[in-house]
Amino acid sequence: GGHLEEVRLQLQWVTQAQFAGYYVALEKGYYEEEGLDVTILPGGPDIAPPQVLAGGGADVMLNWMPSALAAREKGLPVVNIAQPFKSSGLMLTCWKDTGITSPEDFKGKTIGVWFFGNEYPFLSWMSQEGISTDGGEDGVTILKQGFNVDPLLQRQADCISTMTYNEYGQVLDAGVSEDELVTFKYEDQGVATLEDGMYVLEENLADPAFKEKMVKFVRASMKGWKDAEANPEEAAEIVLDYDETGAQTEAHQKRMMGEIAKLTAGSNGTLDPADFERTVNTLLAGGSDPVITAVPEGAWTHDITDEALN
Amino acid sequence: MQAPGPADVVIGADNVSLTFQTNDGPVHALKDVNLTVERGEFVSFIGPSGCGKTTFLRAIAALEHPTGGTLSVNGMTPDEARRARAYGYVFQAAGLYPWRTIAGNIRLPLEIMGYSKSEMDERVKNVLELVELSGFGKKYPWQLSGGMQQRASIARALAFDADILLMDEPFGALDEIVRDRLNEELLSLWARTGKTIGFVTHSIPEAVYLSTKIVVMSPRPGRITDVIESPLPKERPLDIRDTPEFIEVAHRVRDGLRAGHGDEL
Amino acid sequence: MQAPGPADVVIGADNVSLTFQTNDGPVHALKDVNLTVERGEFVSFIGPSGCGKTTFLRAIAALEHPTGGTLSVNGMTPDEARRARAYGYVFQAAGLYPWRTIAGNIRLPLEIMGYSKSEMDERVKNVLELVELSGFGKKYPWQLSGGMQQRASIARALAFDADILLMDEPFGALDEIVRDRLNEELLSLWARTGKTIGFVTHSIPEAVYLSTKIVVMSPRPGRITDVIESPLPKERPLDIRDTPEFIEVAHRVRDGLRAGHGDEL
Amino acid sequence: MNIKEVLTQQERAGAEIVPPSAAERRDAGRWGLVFNNFDLIGPSWSMERARLPAPHQVAQELWASTWDEEVNGRRGIVRSGTLSNRSLIYHGGVTLGATVVGFLIGAALGVALAVGIVYSRVMDLSVMPWAIISQTIPIVALAPMIIVVLYSVGLSGLVAKAVISAYLSFFPVVVGMVKGLRSPDQMQMDLLHTYNATPAQQFWRLRLPSSVPYLFASLKIGIAASLVGAIVGELPVQRGGLGARMLGGSYYGQTEQIWAALFAAAVLAAGLVWLIGWIERRTLRAMGAPT
Amino acid sequence: MTRLTVALGPGRALAIYLGAFVALAVLGLFAAEAVGAGIVVWLALLAFLGWHLIDALSRWDGMPRAAFTVAPLALGAVVLIGWEAVVRALGVPPVILPPPSAIAATFAGNLPTLWADFVQTILKGALSGYVIGCLFALGVAILVDRYDFFRRGLLPVGNFMAALPIVGTAPILVMWFGFDWQSKAAVVVVMVFFPMLVNIVAGLADTTQMQRDLMRTYSASYWQTLHRLRLPAALPFIFNGLKISATLALIGAIVAEFFGSPTVGLGFRINASLGQLALDMVWSVIVVAAIAGSLLYGALTLIENRLTFWHPSQRQ
């Protein structure tokens, strides 16, 4: 009882089942049990979570590791304190009738890519394949993809970026059957990078009280995640209740939750240093315009998870 | 006097009334006005301020619509006559367009009526000379004195050949000498072209000097109190103003005016 | 004649020149104008259209700034006099604010000068009566005839007690009868209050009838060609206009005017 | 508009299409396709993710997300006592609040700046270029930053959105008002000059009344801009409002939802503009304009 | 202080203010880190001096024309110097607000990229949409003006379009017109339409009774009246609309790129750089937009001065 400690969590996108663990923890009082009063700040287009963190608008953020490492290089020292997502859900989805069967065939094709810090894995992959990204016969033409799958459906692009848990489902929902499509999961191509991790400012970690708070936060969040994995239907319902925009549909969130559970399945929250290294290597291979120029030091810590989960 | 054949009647007002609705009640600007004007007449309207002279002129030019009675122009409705471009109108205020030079303002009706370029230049030059504004063609209205603006607006109305010329106090802001000169010019133009002219003035000598017919009006409600046919010959040197006939007509007009004022004093 | 003591000089113009720069060259609206006006004088300005009458009045009221010479009013610069609220000005065009009623327009200077509510109502009523517009206080300017608008603008200038009254052709759009009445009113107001009045007119009889001093001007460049001190007594019934003195002065003015026109004809 | 997708659907359903492959159809003209496959285009009126939804689809969505949701929905006002977060009425209200607050701030700021520009030579010379520059900054780029900054001083929600609304709406008001305040003609100004009126008197009695036509033209644009600002502000702050609805619709490819939200925004705008027009007519009548 | 300016004479006052201003600026920039939060006082002093500097400048008849360009630059200097010093003094992280010096460096280092973005967004997207949108609004305004039927029918539709917010229209228009500049132009058309319509309609109504009556007595046709009276009379309003729309066109073209674009363009650059927290790049793009906007606005003002010289607002 008594008064609760405040924690503000900045999501990297709108309220959806991608963040179910946190909403479940909030709804079921796991945070409260730890003595935390958690506010979840939904993200949206153009909200850069690192910026919010730097401005003091949030205590913890969720971010994809390439973006977080880039921020670190830009002089904003963020540290990964937990990694609930074990594997990557990112993939390219292409029309089969374009004749694409392997990355080789991308040459001369038009591909939709998310920017805003999410372009790094793609650029690294292409440079590893030796394909130029400046268009033309031997390269790929890149489109900055919006927030939906229309470019594929309208055939403005031959391939687009999709997440297993979201956009891919939307393509199927649009009436396209799976055998009209070819997909390339980054995970399978060996260019996967770590997705939704929890990050805080390095300077804050020097404060034992803050550290203590984060321990509690990570513990409760992971409890929420494991709960969500176990009860996906219920988790999706909870997410829907927290969606203030009322835009999400039940069927969609339930399917998303199912797919998300596959990505979180392998993790108890602790970052696997091997995954980190693979991510860094992928990014360092980024060709002419690499995302990061050197192996980052101190970009992650086990201090929090060690204490929280053991 | 012989009744004019219908072909000769240019303006016929038959019991014309015009009432404005305003925020504090109706204003009877014209009431039961009857008037016949034949082709080639020069009619002056004179009367106290606010007696409906402007309103009547505007009604003739189809700029106001009588609320009662009928008004015909050249045997048509005023609006048909307007569409047949029967009118040249000089407004009480100059009303020049500020974005056009003086020459441009005078050219305006000519452009609208589709005169050729050389014809336009020719006419603009002539009327500018007529109103003594040669050399001011390239100035803008706000660069001219009040009287000069008024002359420019007269020039604008004289530049094209309207059948009927309606002039609302055109010479109000001019000194006697220019005024006399323009009076002579106007008479000679009238004699030359046989236009029908409706002319509002506050000057009794001017009215008598110019007109074949003088209409005296009186206010509240605006109505015609006297119509004086001038006995003066068509040929009028300036010194006709000292003849006994002239003085007699002037007296009659003055008496009519006084009577009009009487009701309100 | 005795030179006036400096305390008595209200308006002193010393070699005043004023040139406008326009798109096609400079216009010399005033050139080397010299004039002294004593307290309580009634000065008329007369001259052909465009000779600089308005410009001179505006310069006195600090609405234009001479490009040469000096101009003093009450021993100050015109601008200081303006700030001391020395002027009541009647413009050549009525210039009423279209969003105010007639009464509201007349109340405008009173509001600005901070009169009390009851004082304002009282004065508005009085001046409306003076110009024969009682009952039109609630109308908007566009609901009035041209002459009525002009009278409203006269009323506006008379509503407050300015030391110097500058009137630019105030009676141009009025008929003889109202004009005569307003002339008388103006004279009696002048006699009563001892104001100094500057008055532009195109009517020679009006100028002679009203003034103690008549300034005849001539154009291009605008300059003073004659200054006539009137020999008429201060007390002036309307029929003074038939006296030989009157007619003599009028002749002198007319000659001056003709001369002014001469240079350009 | 929807022809290509319709044909692809029909192909999946087993129909014969000319030309047969979707890749070829991509580059074909739309009217040609309609002509060649005339009997197959019926479903174009009832597609699920249409490029251009049929009017009845939008109408259905509108009905569903207003009346139907409130009256019959689980979260609707009838069942829960509060407006549903799935209803356009709720979201319209959220947007309206920010719009009005932002507009009031923006209009006041705009008028104040215009007065400053007209009365102060320093401001006249130096402010206008920067007001222009401020408007060339793409606000959508700044919106998140503004929101981040306001977050860090503890402001969020309505205020943040209102700030963006005000930012977009002040400029039209400045431009129009500067012109309007300068529109009195020489004689009107001279009259007050002879009275030695103070600048304040000159403002209230002449400049302001003369500027009214310009002011209202500007206010109409200003309030529309304010609405756009509120919606833009709702994008990054996914806390409801029509902007959030539009983004949601776009994100999940629910074209009808975008259209319905667009329609709601347009209704809101038309209403607000009409309201200002109404005030304008009343004002002009009170100022004695001929009717 | 203003009195001081008058007493000293603007020329000498100008020199004094300029000296003090430069001294203060240099001091602030070098001592910023040491001063910390006390910078606020310095800022107030800087603003105060800046004001009087511009004031003295505006009174100095040595360069009345130049004052028009120098004064805004002086204000700009105040803003930039203040910004730089505050960022340094308070240690604002560069991922939130970079100092002007860093922005200038990035700008200078990326000229080819920025030029390509400028061509894509401003020249192709914004300008074409601006021209089409304004012409379209003119057409509709004339229809509305000409036929009462359209006044009742189209004007409400116009008001309706007022708030078709870019956020809603952009995704749809990108869907319809593709990823390249055509869709951006379409967004701009929709955006500039309403302000133009409102201003043209208001302008066409801004004639006096007598001006209209004159045309009536000539029995001028609708088009003659439009061409010779109503359009000239509407010009001051039309230029209002053009100026407001000019800035909207830039915003529209840039923002539309957020909803899908090729990998070139100012909006794309902002979006991509924001994600990389390269705020110096974001601000460089903003500088490009600001320059483009100011040039466009300045050009419009020049044309306005030439065409509406007769309007009282131009003659004061």
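Lettered A, B, C, D and E in written order, each chain numbered from 1.
Here is the rule we go by: a residue touches a chain if its C-beta (ideal position, glycine included) is under 8 Å from a C-beta of that chain, and two chains touch if they have at least 3 such contacts.
None of these values were measured; they are calculated from a predicted model.
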| item | value |
| --- | --- |
| Subunit D and subunit A - chains in contact with each | E |
| Most central chain, judged by mean C-alpha position against the global CA mean | E |
| Result of counting contacting C-beta pairs for B-E and A-E, higher pair | A-E |
| Chain at maximum distance from subunit B, centres defined as averaged CA atoms | A |
| Euclidean distance of C-alpha centroids - subunit C vs subunit E, Å | 48 |
| Distance between chain centroids, defined by C-alpha means - subunit B, subunit C (Å) | 28 |
| Inter-chain centre distance, subunit B versus subunit D - centres from mean C-alpha coordinates, in Å | 54 |
| Rounded Å distance between subunit C and subunit D, as computed from the means of their C-alpha atoms | 55 |
| For subunit B, residues that touch 2 or more chains besides their own | 23, 93, 140, 142 |
| Multi-partner residues of subunit A (each touching 2 or more other chains) | 45-46, 48, 51, 55, 146-148, 150, 154 |
| Touching two or more other chains - residues of subunit D | 51, 140-141, 144-145, 148-149, 186, 235, 247, 250, 288, 290 |
| Chains that touch, pairwise | A-D, A-E, B-C, B-E, C-D, D-E |
| List of subunit B residues in touch with subunit C within their complex | 20, 22-24, 27, 46-50, 53-55, 92-93, 132, 138-140, 143-148, 150-151, 168-169, 172-179, 202-204, 254, 257-258, 261, 264 |
| Subunit C residues touching subunit D - in the complex, by the definition given at the top | 58, 61-63, 82-85, 87-89, 91, 93, 95, 97-101, 108-109, 111-113, 140, 142 |
| Subunit E - residues contacting subunit D, complex | 51, 54-55, 57-59, 67-68, 71-72, 74-76, 79, 96, 156, 159-169, 171-172, 175-176, 194-195, 198-199, 202, 206, 209, 236-237, 240, 243-244, 247-248, 250-251, 254-255, 258-259, 266-267, 270-271, 274, 282, 285-286, 289-290, 292-294, 297, 311-313, 315-316 |
| Subunit E partner contacts - residues on subunit D that touch it in the complex | 1, 51-52, 121-122, 125-130, 132-133, 135-141, 144-145, 148-149, 171-172, 175-176, 178-179, 182-186, 213-214, 216-218, 220-221, 224, 227-228, 231-232, 235, 242-243, 246-247, 250, 255, 258-259, 261-262, 265-270, 272-274, 290 |
| Subunit A-touching residues of subunit D, taken from the complex the two chains share | 4-5, 9, 12, 21-23, 26, 48-49, 51, 84-87, 90-91, 140-141, 143-145, 147-149, 151-152, 235-240, 244-245, 247-254, 257 |
